[in-house]
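The structure appears below as structure tokens.
Letters are used for the chains, namely A, B, C and D, taken in the order the chains are written, and counting of residues starts over at 1 for each.
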């Protein structure tokens, strides 16, 4: 499987670069959204950083398509990668994976499976929530009847949405804002189930472990 | 079990037709609800499509009852089919099943079990939510003190309800609308648990798989 | 274990009677709450039915205590029974259990385990929700600034609470109403987790069963 | 492993003392928050109790660090202990663990695993909720546009938040209050998943046990 190993080598070689590009993309987008009054030069810088990062994602996608040797079926089979290519704001969520695979290659000790899944899902939710709060804030802030008017409100709204609490004190009112919100709910719920499920399995394991540990060995 | 095999043959033979009829029913109902100002001819067309589809569901139910040779107990034992016969708007949710059984017969590769259950439940929720949004919109739009007044509001309300977020910015106020909403909550919650549960199992599997994959084989 | 068998015989002998008494209690309470303007004779009738049922629960508790031969520890060990004795409105939830044990004794075919647990939890939630809606309605209806003013509103509030959607269009405002609501949330969440968990396990079983069923036997 | 056994002996020797100190801390904090108008002497007493308890937590942390012989990595590896040291209001949640380990050492019979995890998580949620309600009340009560103005409102808000119902009738409006709320949601959700997951596993066990129990032994 020489083809597969070339794909694997590509993955290993670009992991870190693409992870950094994802964070640069998120950072530039955040600066673009949160500091609208910055000087024109800074503005151009951040926009070009965003587009450079996006271009890198596109090149990565193209190379992986090529190396996979799969033809047009690749788009459908790797639909998640395709979605992330079109909506690069979702890319930073993959940083969690990058971090894990680097940690593994270095041979650092890993948490137990359930704890790890819980931690990584929680991290993914945080990154997803931050991206979502930025996007909703951008969509809502200039709408005439909006009530999400500061980034703080947007973050608070994100917390109340991703935890499915949903107070309703801040709510998106634009169509774009609601689409982003619906996407956030869908991704957030799936990840939330993963967090709580893994966390609860981990607690059960620890409790049953404790039992075996502390029980005096036959007497 | 000649009787059983006749039932199976009936199922296989009508699967696709009934699946299409379900989608036609949903489409006609959507047109009926969303375009109240359309010409009379179109109106009659959509209504007759709806009733034709419903008639096909009834015939299917009757034939399966007959072939099962079960007597009056059939109604109780297949209560889900009975409910779907009375509320045909729930029928499109079964399209997911039809799609699956056709895919299987063609021998197409299936996703792993947990991923498949997650995907099918997510699809079912989407179809259920679309039907529910239509029904609530129809029930609410002409109520004097309603706040769900456009189909967009109804869809947004459905998202916030099925994810159990429940902002409360849009809420059904008619008795019929609330009954539909309660039904939507009940079905939605059961399906949501299935989505998140299967998704989280799938993630766990992938994580534990990754481990075995990348671990160098003994050295 | 003659003592234990006497307890079992008592349980078997009183199951049905106590189940009926529970439903009579719930019905009388519902009549008492929902028809405040009924004639005095009917009022007295319903109240005496309630107190008779409650007395039967007390006798049952006392006899089981006696037969268990456990001393004062019984109160703590069977704390759930103790709570139900003090709050008899929770008793109807046990009807689900009664129904099951009668069905089993008759040797009627049972649903598969997961489906049964899902069905019984769903039934328990419904009974719990009905009792809770009645109690909250009674606590709220005469409060000066209450917004739950009809039993319909109370039922709708219960649906939105037990599904954890929580629109907030109707909310209890009295201290008693909020205590009942908090209890409802606690019980409801535990039961809801049981419903969705079992339902999702059942779906997974059916999906994996289907696979084995339809797969052509080796060729 | 003499080092480890010294750590264990330290744990066993300080368990009870630290558990009591945690409850004293919580009680003093509650008095401090809920009775702002108390005489100066009482105020000083409660504050000094709080600081004494906190000092004890610090000493315990330092000793355990020393005994572990781990160096600076201890802070990161025991990050949960570090967080609890900085936010001592979270400490009372650990009382549940203390209670369990004492009960075990005394050899008292334990509940089945799932029931125990459900019970302990439920207790932890209650303690967490009480601490959270206090902290949010302290943060909100003097804000000009706050709607959480009494401790009762704060408790009711906590119930509606931890159950993810989220009515939105009471909502924190200060930045500090929202940070506490976000922390409460995160911890609460993880614990809630543990409660409902364990409870539902326990129900399943009891149902499947019942089956084996009551089934007549082969005839």
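Assume contacts are C-beta pairs under 8 Å (C-beta built on N, C-alpha and C of every residue); 3 or more make two chains touch, one makes a residue touch a chain.
Everything numeric here is computed off the predicted structure, so don't read it as measured data.
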Both-way neighbours, i.e. chains that touch chain C and touch chain B: A, D
Proportion of interface numbers common to chain C and chain D (over half same, under half different): different
Rotation angle (°) superposing Cα atoms of chain A on chain D, nearest 5: 90
Chain centre separation in whole Å, for chain D relative to chain C (CA means): 30
Chain centre separation in whole Å, for chain C relative to chain A (CA means): 42
Per-residue overlap in chain C, given as positions that touch at least 2 other chains: 160, 164-168, 192, 197, 201
Parts of chain A lying in touch with chain B, wherever the complex brings them together: 101, 104, 113-114, 116-117, 120-121, 160-161, 164-168, 171, 175, 178, 181-182, 185-186, 189-190, 192-194, 197-198
In the complex with chain B, residue positions of chain C that touch it: 118, 122, 152, 156, 159-160, 163-169, 192, 195-197, 199-201, 203-204, 207-208, 211, 214
Touch list for chain D against partner chain B, complex: 164-168
